[in-house]
Structure formats: C-alpha cells, structure tokens
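Order of writing sets the chain letters: A, B, C and D. Residues in each chain are counted from 1.
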Amino acid sequence: MTATQYAPAAAARRPVPAHHASLVVQGTDRVGIVAAVGGLLSRRGANILSLDQYSDPDTGAFFQRTLFTLDGLQAALPSLREELAEQLAQGFALDFTLRDVSAPKRMAVFASKSDHCLLDLLWRHRRGELPVSIPMVISNHPDVAEEVRAFGIPYFHVPSMGADKSAAEAEHLRLLKDNVDFVVLARYMQILSPGFIEQVGVPIINIHHSFLPAFIGAGPYAKAKERGVKLIGATAHYVTEDLDEGPIIEQDVVRVTHAETANDLKRRGADVERAVLSRAVLWHAEDRVIRNGNHTIVFS
Amino acid sequence: MTATQYAPAAAARRPVPAHHASLVVQGTDRVGIVAAVGGLLSRRGANILSLDQYSDPDTGAFFQRTLFTLDGLQAALPSLREELAEQLAQGFALDFTLRDVSAPKRMAVFASKSDHCLLDLLWRHRRGELPVSIPMVISNHPDVAEEVRAFGIPYFHVPSMGADKSAAEAEHLRLLKDNVDFVVLARYMQILSPGFIEQVGVPIINIHHSFLPAFIGAGPYAKAKERGVKLIGATAHYVTEDLDEGPIIEQDVVRVTHAETANDLKRRGADVERAVLSRAVLWHAEDRVIRNGNHTIVFS
Amino acid sequence: MTATQYAPAAAARRPVPAHHASLVVQGTDRVGIVAAVGGLLSRRGANILSLDQYSDPDTGAFFQRTLFTLDGLQAALPSLREELAEQLAQGFALDFTLRDVSAPKRMAVFASKSDHCLLDLLWRHRRGELPVSIPMVISNHPDVAEEVRAFGIPYFHVPSMGADKSAAEAEHLRLLKDNVDFVVLARYMQILSPGFIEQVGVPIINIHHSFLPAFIGAGPYAKAKERGVKLIGATAHYVTEDLDEGPIIEQDVVRVTHAETANDLKRRGADVERAVLSRAVLWHAEDRVIRNGNHTIVFS
Amino acid sequence: MTATQYAPAAAARRPVPAHHASLVVQGTDRVGIVAAVGGLLSRRGANILSLDQYSDPDTGAFFQRTLFTLDGLQAALPSLREELAEQLAQGFALDFTLRDVSAPKRMAVFASKSDHCLLDLLWRHRRGELPVSIPMVISNHPDVAEEVRAFGIPYFHVPSMGADKSAAEAEHLRLLKDNVDFVVLARYMQILSPGFIEQVGVPIINIHHSFLPAFIGAGPYAKAKERGVKLIGATAHYVTEDLDEGPIIEQDVVRVTHAETANDLKRRGADVERAVLSRAVLWHAEDRVIRNGNHTIVFS
C-alpha cells in the first residue's frame, strides 16, 4: 500500500470564509515594520481583520500575525508573496509566511492504544471545531482502526519493530511525504529518532502527560502520586531531538486529592491531555503559534 | 479643607520608561487604518512595541491599541496629536486617544467599611504593580482613615447624609474636579446618583460581589447560598445609570461547597473581589480596556 | 417494540470490587448517630473505607455517606437493611439508603441533535470511568442513532409530537419503567411535563448551558454575548417542576473574550457542558450527592 | 531581650464557639475504629459536627478527623484523652491528637524583605480569617518591622550572620521555645539547618515559588521564563531536611504568556504564593492536614 492510493479526507467543516489569508512575520525589530506591512496590504486593498504584534524587550525579536481579507486572494497570492519578499525579507531581513486560510492545514495523527486524545481530535474535527483536514491516522497498534475509520478517516497500521525503528520510520515517511503539513502525536508511545524528525520536514506536536518540566520521562502519573502533588497537568509541545524539552505550546492542570490513586490520576489527567492538545492543535492550525528558539509566541 | 490644599501622592513606583505612549483608536473599520497609523508613527520615527487590533465581524467596529516609543515624546505630542486628528479623525472618522504613559493616570478610590479591596489596591500600588497615582481615598466612614494614611495617601471623610445625597455628592465633585482621571468604587456601599455620574466626567469602575448578571442587587452571597450555587464570583464593571448593568471589564469565580455558610461565601468572595478589581484597574490604567456600547474590548 | 424486549447493556467496565456497599443517611442531627452506624457496621464485621459526614449548623440537618466492605455482602444485605431500619429509621427517625455498589446504577440518556454531552458519557462509560450501565438512549431525533449503536447501546427514537407531549411521554415511561435508576438529559431540547417528572419516579439530571441562575431559559449563549460576560458556564442540576430551578449538583466556567462570537461561545461552552455533566453523573452514580430541599450536599 | 518579656498577641478574632474540639486519628486500618471513636464520643454526650475518614487502599493506612462539641469540654479533656489513649492507642495502636479548638494555635512567621506573603497572613488574621494567634514575626531584615508592629504583633530582628547560622538559630530557638505551635516561612530567604528543624520541635510550613517538583532550588521564575512554561505556580509544604522535598500541603498555578518578563512572572507569582500559603496555614490551623510519610492527607 502506498500513501498515494487514497483520497485525502474532506476538508474541515468549519466554514472558513473565502479570501482570508494569514501573514506571520518574524525577525529583528526595527522602526517601520508595522507600517510596511500595513501599507503593502492597504495598497492591495486588503482589509485587516485582526493584528497581533509583540516585540521582545530583552532580545529585540519581532513577531506579528495578521489576518486579512482580499478579494481575489488566490490570484493575488503570488504577486503578494513577491512583494512581501521584497519589502520584508530584503528590506527588513524578516521571515514571513503567507497562507490562504481557506485551504486547511493537513494533519496526520499518530496514536498507540490510548484513544482519548485521538478521538477528541477526530470528534472536534467532525464538529467543525478544527480548521484542518486529516488525511491519515497512523498507529503501531490495530486497536483504534475501527474507530478511526468510523470517522471516514484513513487508518494505517505500521507496527513497531523493536529497537530498530528504521523500517517503521521509513514507512511513516513514505506515507507522510507531501501529504501533510504537520504531525500530531496523540499519546503515541514510541520515541521518534532524530533522523525521522529531521526528514519529516514538518512540525510535530506532542502531548506529554505531565506539567513539564516536572516528571520528565516515563510514568509521570506514578511519579506524581509518589511525590504527593495536589495538581496534575499536561503539556503540548513541539517535538525536538531533546525528549520532553521542545518548545511548549500549551499547558493546563487539574486539582487532585490524596484519595486518588495513580490510576485515578491517569484518568483525570486524560481529560487535561485532550483539552490541552486540542487547544495546541487549533492554535497551530490557525497560525497562532510562532516558534522562537525553544519558546513559543502564542497569539491565542 | 479643599481639594486643592494637598499635594498629589507620588507617582506609581512601577518604572515606566520615558518616551512611551499609548494610542487607542476606535470607530468603523475601513481598509487602510492600520497602514495609516503605522505609516504616521513610522514617519515620526516611533517604534511600535505592541499592537492589538480587533474588528467586530458583525458590526464592523474597529479597535486598536498601540504602544510605542518615540524619542522626545513630550515635545512631539502636540504635533503628533494634530496629525492623528487630521488623518484618523478627519480621514477615517475615527476616535483616538493618545497618552504619554510616563504620566500615570490619577485614581480616586471610594470605600466604606470593608477594607479588602481598598487595601489590595493601596498595597499593589506601593509595590509598584499599578501604574497609577492615588491622589485621594474618599469614604463615608472613618474606619479606614488610619490605614489609608499609613500608605501616605490622603483620606477624605465625606459622611453619607441619608436619602438626599446632593450635599455629599457636591463635596465629592469638589474633591475630584480636575484632580483625577478615573474613580474606583472599592466596595463603596452608596449608590451614585445619575447626576453625579454625569458630572464627574471620568470613568467609574465598580466591583460587584457576584458573577453578574446572577444575583443583581444587594446581598448576593446570601442569595448564592440560598440558590445553592457551586461557584461564587465577582464582577468589575464601568458604572452607568443602570445599577449593576454597566459594561463588564473582568470577572472571576471560586469554587464553594455545601459546607460553607453565607458568611464563608462572603469571606471567600472577598479574595475574588480584590483579584478581579485589581486586574480591572490595571487594565484600565494601561489603556487596555475600550468601551463599546455596553461591552468592553479588553486587550489584556 | 417494548422496553422488555432487549437485554440491558453490559455493566460498567470500571472494576467495582465485590462486597462493597454505600450507606447514605440523612435526617435531623442528634448525639450518637455516627456511633450507632459505626457500631452496627462494626458488629457485622464491615470495614469502613471512607466516611463523610456533615451537619448543617443552621438547620441541624445531618448527612452521612459511608462506603464499606463486608464479606458475603449480598447475603447480608436484607438483615443489614432491617437492622438499619430499626436503629436509624426508628431510633433516630433518619432516612437511609443502602446499596450494593457492585450493581451499577442503570442510566437512561435523553438526547436531541447535539451529540457532545451524549458522546462524552458513552465514551467515558466505555473507558470504564462511569460506574453505571446504560440500558438505553432515547432521542426525539434520529441523528445520533448510529453513533449510539456503535457503542453497543440500544437507541430508541421517540419523536416529539408538538405541543401535546402526552403520547411521547407515555412511550418514554413505558421504556423507562423498572429499567432505569436515573435519567440524564444530555442537551435534550424538550421540556418535561410535571406529570412525567412525577411518574418517572427516578432522579433526572439536566445540563443547562449557562452558569445558573444567570441566563435562565433559552438561548443563554446569545444572552451571554449580549451582556458581554467574560466567563461562560454550565450547570448540572436535578430536574424539578420549576424549569432551571432544581437543586444544583455541579457548575463550572470557562474564560471568553470580546473576540468570540455567540457561536464561539456555544462551541466553547460545549466543553464545559460535557465536563460538568460527566462529573455530576459520576457523583450521582457513586451516591455522593444528597438532595436537601433545593440544595445538594456533594461529598466529591 | 528574651522571648518571655512580651505578651502574646491577641487570639484570633474568628469567633470559635466554645466547647469545640478536634480529634485526629491516624494508624493502620482495622474493623471497628469508627465505631470505637463514635461510641466513645457518644457515651460522653459529644455531638459530632463533621467527620472525614480515609483509608488508603494500597497501604491500609487509616486517617480520621472529627470535629465535635461537648458541654464542659475543658473540664472533660483530661479524662477524654485518657479514655482515647486506652481505646485507640492501646486497643487499636493508633496515634491521636485531641485539641480544644477554642485555643487557637500559636503561629510564628519568619520573613525576609518580601512582604506579600507576610502581610497577607497578618491581614487575614486581623480580618478573623485565620484561627491562630501570632505571638511573633522574626526577620533577618529590618524592612518589615514597622508594618508588622502596625498590626499590633511583636517583631524580632535576628540578622543573618553569614554561613554560620548557629548563633542566629540559637536566638530563634530561644524566641520560639514553648511560645509557638508552628512556624511559617513567609518567603524567608534563609535555609534552615537540619539541627534547627529537629530542635524546634514544631511543624514548619514553607512557601516555594514554583509548582514543585518543577524548578527546584533558587530562581524558579527565571527558570520558568527560560523554559517557556505557560503556567507558573507555588507550593506550600512542610519543611524537612531535604530542601524543597517535604510533604506538599497545597499548590496552585496561574496562566502566563510569552509577553511577560521574568519580573512579571515574579509579580504574578506573588499572588499565587500568598493565596497558596494562606490556604495551607488555614488548613494546618484547623487540623485538616495529616502528614503521612512524605505525603499529606488534606480534609479541606
């Protein structure tokens, strides 16, 4: 089976008005950037719907997210991109991303046996809450196959093959190549190799079942019970080569008591995990998250 | 004693860098506003530190808050204001407010016998958390006089005189006139007359001890106990002629149980009240709250 | 089709240890109740696992929930119940409920078109988070039939028939009679008649999509948007003849901003609704909620 | 100056009804403990106001807190204590603490330069929210002396004397000896020596400015900023020889954003610190916290 054999899933049902684009700009702050962006968009007749801008007072780093409408957007995109490259990239040495938001980002979901994060994403997608398409779910276990396909979404079983991940990862890369814009690890219980992270070439979002940096590594709920904490949490972050150390996108916690066992914490934590992951996915899908070294700027 | 006899309290200790200004723009959305503001500021050499913009998709209303630095700000303010008036007011029919943020807003606090909200404001001010000056505290009770003066802040006792508030309100107006930029009712237990609200001419912020619109009117904690709610809350809002109906700035809640008496709720609620009020005051002081009819836009 | 034609759904997968019982006692406080209950259980060789007791200082009402283990529980239940009746009912004029918790309560779910609360309950039940059995889902719409049956749970379509609810309610009563221990309205958009509430004879839990008592009645999210609140909430309560006025079991809220439309509030609120309802159902299923007039005691 | 030269501060203003006692029982679970306690209290004519009991299903540890009233409590205490010793200590090998709650616990507060936690405790005490007396505040800095004494509470300045803490700690012990029931470190910036912790002989509560176990050690807000977390927190715990490793009593968090500097986090965190510490102190003062190894049972 090859990744090109199936049709991509239907686009998100959340009605994205036509002619909407997002522009994310990032670099070193200088006088005039906002004016340059605003002027360029204004001359093209674009109307800005929302604009968030932040300059880091310590580092002088500049971040801006602009959502705008423009009649005939699709036809105008190439020349608009050219003009932005000229003004922002050359003029101000800024990086920028311009995106037609009516084309939802394509999200692959990796899962193992736990279905709570996976189902929450599929269910929110079906309700139209997540402006993404989901061309595939990949799992190292067959357990969730039926549930995934009930949502009309292709499921691929790529079994783990022990310590040597190269064959499984090669299959992953073949499935993902050119088919997805980002990957979500929805409680996927395999560690990705540095080589895979590099080759996949798209952002990877993971949900970790603790309030990082507390309880790094495996078994965080058992560790939390052992330490006697009064809150447990979850953390959504971008995956980097350093396990559990990537830029944090979102976190949340829930109150627990002495009367709850490690298993109870796991059950309570599942609710936080799915809530945190769904927010991180939504914000990433809407270009609200900007990576800056090991940090994120989130215009939520 | 007259209001002009005393020196205003020291400015906020929160270090406000010189040459910082905030510009709030409000009106009907049109293509080019962001570019016009950005271009104008850029031509003057101002550097934008943060910019929040929001357009209401339903009503087409436009809101923008811009924080920027400009060398020689104070000298430049008059001509900048003129230019903004020309471009924004005439060109786009927009309202705008330009303010040198190194001059903190002057806040009068009204209190009665309860001191929790009052002391929290004074204490945060002393810590440098609130960029305001506090030229006066006015109370209809003598109870808090000593505490207020211990903070080095003038206290004025204006007793309530029964149903006819005209004499007391006249005294209030005399004290406030030209001395304050806004008024905070920190659990002030007197109802202001419509005439007073109109004549005082500055925004008035109130803290209501319930999660409005639940439990409008007096005795909300007793009503909350009676209804058996599981959360109690507080609401900070701008005062209008309609009691408890003004634009909401901030709200929060805290969880309570069946084991708590109405008095416990009152005590628990006091913590929410002071937290909510202090956030509302901070945001108002930093020009983060824009009134729009009976709503607020809060760029927090 | 009649309600007796189908087999009840499988019991909850949450492993309930055998020989566990819950005893809920309620009445007017007097010296010696705890000792009487403790002594009785102790003499029978029962071991108390957890005990929560609360006496209302204002009204003198007494509430106690005791969870205990007893070898040979099932055989011992009748004589234990007799002894409790003698000591508690006759001796202290107390009401009590003794329940073998290894037999999960049977829960019927009523739904309409919205599936978020319904699916959350079914999904939690499948995960073993809710110690109930679900013998049936009843809906006035066919929309959710397939989803419900995918969980292996019987679905019955009882269409609304306009203003006269008598035929539909008769069908409801026929399905429910002797088959369920409580009913959950999972965003069921029909108002139950007083006669139905009386005849059904089991507790009914409803989820209301606002922080009651704010925004009573229909369209709470539109009203919340109109009022400009900064938090929206949901309330789970027992249904009484007075619409939206029954005893509150659980409430929660989520923060919203000016940028969210009434539709966004609805979407955000759906997350609160399902969380609040699932907690209320869990607590009710575990005998943690005691009704006391229009209030609840919740030993959560 | 010696610790015996001054009169203890006034007792807590929170009206504690006479004849109220708390009984905390702890040990290994066995059938009949609740009955034994209940029977004993009942025979003495005591009325139980609230009872919380918890047995750890994993370890078989038993914990019970009972609040009761008894006419002529003070006279009855010695014989009641004797009877409890006989029945609980000898009969069941349980530890117990019986306390007349009308005599508030005596709390010493240690502080350094930061006043937010200190003032919050003093202010809550004055409002009658904390059922403690405060016989002394000890600080290694003179900064807070005036503020403390304004509350009518004795302040003792015991300067730090570098690495050798023995002289300062000897002075601490002399002040505390027989004068206090517990010690609160309200952002006290000195590390206590193991010898001091042992000799002081009363519980010590500390507030740590992070969500432990994240960011153990110094500078947690800087570390939190560096790691880019989205929530910051505070932890109240009992002090043990292992720094930041003692049993956790209470924790809470607050949401932060990329736009907040490490200094902002510090300011935001101060609010969480004082809230968390005040809850921990209240629960400790009301005998709601039971230590169990490195964990706590909190009947809040």
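The rule is short, and it goes like this: a residue touches a chain if its C-beta (ideal position, glycine included) is under 8 Å from a C-beta of that chain, and two chains touch if they have at least 3 such contacts.
The chain lineup, named per UniProt: A, B, C, D = Formyltetrahydrofolate deformylase.
What you see is a predicted model, and the numbers here were worked out from it, not measured in a lab.
When the partners of chain A are compared with those of chain B, the chains appearing in both lists are C, D.
Annotation: A-D is the more contact-rich of the chain pairs A-D and B-D, by number of C-beta pairs in contact.
Of all chains, the one whose CA centroid is most distant from that of chain B is C. If each chain is reduced to the centroid of its CA atoms, chain B and chain D end up 37 Å from each other.
Distance from the chain A centre to the chain D centre is 43 Å, each centre being the mean of its Cα atoms.
Residue positions 50, 54, 57, 259 of chain D each touch two or more of the other chains. Those residues of chain B that touch chain D in the shared complex are 50, 116, 119, 123, 127, 129, 150, 259, 267, 271, 275.
Listing the residues of chain A that touch chain B in their complex gives 29-43, 45-55, 57, 64. Put simply, chain A touches chain D in their complex at residues 54, 57-58, 211-215, 227-231, 233, 247-253, 257-259, 261, 294-298.
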